[in-house]
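The two complexes that follow have chain A in common; it is paired with chain B in the first and with chain C in the second.
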Partner chain A sequence: MEALLGFLIFGVTIGVVYGIVALGISLIYTGLDIVHFAHGEIYMFGAFLGLVFAHQYNVPYWLAILCAMIVTGLLGIVIERVFYRRLTRAGGGYTVAGMGMIICGFGMSVVLQNIAFLIWGADAEPFPVNFGMPYQIGEIFLPKSYVATAVAALVLMGGLHVFLKKTKIGLAVRAVAQNKDIAFLMGINVPLMISLIFGVACAIAAAAGVLIGPMQSVQVEMGYLMLMKAFAAAVVGGFGSLPGAILGGLLVGIFENLGAAYISGSHKDIYAFLLLILVLMFRPQGLFGVEAKVKA
Partner chain B sequence: MKMFSRGLVSTALIAGVLVVHTSAVAGTIRIGATMRMISENGQKYGQMVADEFDLINKNGGINGNTIELSLLNDECKSDKGVANANKFIHEQKVHLIIGSTCSSVSLPIVDVTAQARVPQIIPHSTNAKITQKGSAWVFRVPVSGRYYAGVNAKYTGENIGTKIAYICAADAASQNDCDAMQDQMRRQFNAEPAYVAQVQEKEVDFRTHMLKIKSANVDGIMIAALAETMSRALLQSYEAGIGKSVRRIGSSSASNAPVPKIAGDAVLGVFYTAAYAAADKRPIAQLFNQMVRDKYGIHAPDHDFSQAYDLVRIVEIALHRANLNLSDGSLAADRTAIRDAIASVDGYRGLASGPISFCAAPTPQCRDGNKTPVLIHYTKGGEEFETEVLARVPMPINFGLE
Partner chain C sequence: MNLVVTLQGVGGFFGRMERTHPLLPWLLAIVALLPLPLILSGLFNDYYVYLANRICIFIMLSVGLNIVKGFCGQVTVGHVGLYAIGAVTAAILSTNFGFSFWMTLPAAIFIAGLAGVVVGVPSFRLEGAYLALATLGLGESVRIMISVTPYLGSSTGLGGIPAPSAFGFTFDNFTRYYYLVMPIALVGIYLSFAILRSATGRAFQAIREDTIAAAAAGINVRKYKLLAFVISAMYAGCAGAMFAHMRPGYIHHNNFTIIEMVTLLLMIVLGGIGHVWGGVIGAIIVTIIYDQTKDFYFYQPLLFGSSMVLLVIFMPQGIGGLIDRYIVTQRFIDARREAGDGTS
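What follows is the complex of A and B.
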């Protein structure tokens, strides 16, 4: 029983991180009708920026997360304005421009990875943060970094929820996500909202990167696997659904940890994608998705 | 007629000058090196190899000939390593190939060099299969994984216990280290593994494995993985609540600087076998440490540095001995001469803890040069890490081949 609790704790701590990255992917998909394949590298950039703030400028860890979010968010806005705007203006989804956007995302992923390589090199960098002694619950040791990750994830989700549901800008973002033309006719600055959506999604990915740093260290290639898992989480939860992204992340994290614990620990990554296939077979729209994907 | 004879004299003079010029101009010994140079350490030991050959040239070269080194990065990827080797052989017409520094790259290159009949000397790859392929063209400067496993298993069984869990990453060196250690634990102590996990080469989350290992009440955990992966596993073993009483055993990549740097205090007490320890008290080792520190800014060179340095010295000795023509028509003969000269190196003593010897037969006994693993453990983690040498163990030449 204690072992099961341990596996669940591991699943939840990694699952919330998958969920946060998936949240960004879903947010971009909701707002821009595009699947952003460079999101793993945005997550990696955020992690490195957090490391720079925390260790080079001695900024406290929580403030480093915030600083990394701001800088990465701004970076996301620049990327969207300079590189993606022409393509997204031509349309997303199942259009030729949508396909161009996917390819552009792959290209941006390679470019960002190489820029990071030039700046920070290929070595994995430790991200030690002193959270203090772990909590002990019976035989289970619960490192405070896990608790911190879960709390930070909850704060981020809550903050995003409040932003989208309780603020005027959030309302404008949701309007743009629903229908850009009507939003424009209602007087909303659609290009600005699109940049904002992209910036917020990138900032969230940066937070995930800084949160995972103390657990897994930081390196240039860290984005790829995270992107795959976050995609699985987004699809399991229902692509475009924000609560679905979080739930999907948790399910992927727990499923892969329990699979590794009780089926086979080798090739742990299979379980996340097995779950993805099962969901696509029996509920293609995901847990929180709607069946018709054609937007108004 | 007068003009004709004047022209003839001129032609003869020019021809004479050309002949003199040709015989006076030194030949060029072309060497291609393919190494993993993506990390800071990798870039710096690659640079060290280039600098050492440069120094040989500045000091007069090899019997009046200069060495032309072409250094390429294979990023520890087998396809890039093979492409580099083919480029060296077919485009640059090299006389000798150095590399790679990863078993997964060195292994396929062995077939390429064997087919093209080009000598290959390896600075750092532990997979025992490299010399078991039977190529007459391959030489290994580092210690083979079969010797490491023997020493690790003996120390573990006699001092730690026989209930061992294994975490084995998917790269060729780690797989070989893991399998060889399990095999030796069976042979020496009749001990079956308490837990075995195969993980991705760059796995990031080991916590589930560690929790299962914790519940298995093992005496030790062997982590066979590349440096960054091993560091994460070490850290997460403590996160899962596995205490210090359970000893951590590293594969040879535990000697790489990123391990203590990333793992910090989690590296304390980790023991492993390698070919060289910066804690070595011999004057030659202290001088080498100082040189690497001053020239490349490396706090404590690991065996990647020492083996690359030993390799350059062995190549230098062999090239001095080889009777080279260095003309276009003598390429095949020159390659054979270099191979035979390397095979004649016997009892070279450098930074390695024991002598390095080769011989002509294409067998592991002849081509695994260094037979003296060093047992080392960490006494301090972090960037300013410290190690201690527990033992130097000369191994029987046939060990692990039965």
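What follows is the complex of A and C.
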């Protein structure tokens, strides 16, 4: 029973992180109509930047998260402006440039991974953060880093929700996601909003990277698996749905850890793909019945 | 313009030969490519013959990927998984069961074709990015499955795969192996053209241009989508078996990573998606560049990734599209000149 609870706690924590990355992917999908295949590398960059801020400049952990978010957000805006803008425009307006965009995302992910490798090397870097002793509830130990991750994720989600639903800029972002031409006619600066969406999504991914740092180590190749699992989370929750992304992340995290515990530990990374493929084949609109936006 | 004239001349030459007998240009191509390893090992060394073998294997892969991606317009990024399935099938059948190459090759093609059904079924309901996700997941789970299952090689890989032999002749070095893979690659290219020109190929292209219109015109969309996936999977399985039996007869799951997928994508993007010769040209150029930049190993992904991004942005049709455009422009110029002569 304790073992099961332990696995569940770990699954939920890691699932929250998957959910945060999936949130960014969903946000980009709703805003730009593209699936961003280099998002895992953005997440990896965020983790490394957090490490640099925390250990080279000795800023406190929470401030390191914030700094990494800002820098990665700016990096994302630059990437979108310089490279993706041409492709999303090529399809006439901001439509799916289909295959070109997917291939471009792949190329970008390889480039970003190589740049990170050239800067920080291939070794796995530990990211020690001292949170103090774990909480003890009965027989179960609950490390404080898990609690911190969950709290940070809640704050991020809440912040994003308030931003999208309560502020004027959030309204503009939602209008752009709905229909770019009409949003443009209403006097919204559509290109700026697109950049903003991309920047916010990248900043969220960076936060996930810094949050997962103390649990696992930080290394150049961490982005790829995370991308796949975040995709699985986004698909399970219904692509393009923001609450669905978090729910899907939780589901993937729990499913994966229970599978690793009770079926076979070495096949751990396959379970997320299995879930992804099953959901895609039988319920492409996601498990929770959210009407996924299918755009031509 | 000289290039265009040459191309048209070559095209016309092949056209005349093809009218004599449809297989004649292909036989000539095989004969013309026969002395290549002797020239390569004479001018450089054996390593370049190995490179020629690699190019043949990659030609099989990129031509196969072109069928599903270029002809049929389905976005798949799990092709390396099928290649891995072919290689592992051939390796296990030959080392554990003692089958010869002539048995493992059809078996690898068959098993990869079955896997192609699994990859193809999601394409019934999914399009574009969703399909890319599903195929990426499938391809990567194949690799992870290989890397964690001891029977499939896990971290040590599978070794000791025997070289193919026929009538007492063993294809046990690169020069000899070349005479096995080069004809297979040419047959692959020929079959790809045959598919493109057949009713099946036209159905693929109709699905690529407009799925709904194709269905309205009476094309069984599901059947042809699945067929495209299976055919391309069979190409990949064939390439996998050829790779497994090549000296040193050793495969490892690191041969099938995402980097290989990116290289493969770059080949068909560079050559031009939907052009059979584009895939071939891409395979040749990328393999040679990949080899020549080995000294700058650390910067290789950077070079490949950035060239992919820039190609997609600035030259989305690839080399094949460029050649097409020159030929079309030339025809327009010719037509206008003739029309001008007529009126004046």
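One rule holds in what follows: the second predicted complex is superposed on the first by the 279 of 296 C-alpha atoms of A that agree within 3 Å, B and C clash if a C-alpha of one lies under 4 Å from a C-alpha of the other, contacts with A are read in each partner's own complex, and residues count from 1 in each chain.
Everything below uses one rule, namely that contacts are C-beta pairs under 8 Å (C-beta built on N, C-alpha and C of every residue); 3 or more make two chains touch, one makes a residue touch a chain.
Here the structure is a predicted model, which is why all the values come from computation and not from measurement.
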Let me test your reading of the model: by the given contact rule, A:Gly159 touches which partner, first (chain B), second (chain C), both or neither?
neither
Taking the superposition as given, does A:Met222 touch the first partner, chain B, the second, chain C, both, or neither?
first
Under the stated touch criterion, which partner chain does A:Ser266 make contact with: chain B (first), chain C (second), both, or neither?
both
First, second, both or neither for A:Ile14, with chain B first and chain C second
first
Does chain C touch more residues of chain A than chain B does, or is it the other way round?
C
Considering only the touch criterion stated at the top, classify A:Phe231 as touching first (chain B), second (chain C), both, or neither.
second
In the overlaid three-chain picture, which partner chain does A:Asn114 touch, first (chain B) or second (chain C), both, or neither?
second
Contacts for A:Pro128 in the overlay, against chain B (first) and chain C (second): which applies, first, second, both or neither?
first
Just checking: does A:Pro60 make contact with chain B only, chain C only, both, or neither of them? Give me first, second, both or neither.
neither
Contacts on chain A seen with chain B and repeated with chain C across the two complexes
266-267, 269
Give every residue of chain B touching chain A within the complex, in rising order.
38-41, 197-200, 202-205, 207-209, 211-212, 215, 227-228, 231-232, 236, 239-241, 258, 261-264
Taking the complex as given, what residues does chain A use to touch chain B?
3, 6-7, 10, 14, 121-126, 128, 134, 139-141, 143, 145, 215-217, 219, 221-222, 225, 257, 260-261, 265-269
Help me check something: in the complex, which residues belonging to chain C touch chain A?
69, 73, 75, 77, 121-122, 125-126, 128-130, 132-134, 136-138, 140-141, 144-145, 148, 258-259, 261-262, 265-266, 269, 273, 298-302, 304-309, 312-313, 316
In the complex, chain A residues that touch chain C:
29, 34-35, 37, 83, 86-87, 90, 96, 98-100, 102-104, 106-111, 113-115, 117-118, 224, 228, 231-232, 235, 239, 266-267, 269-270, 273-274, 276-277, 280-281, 284
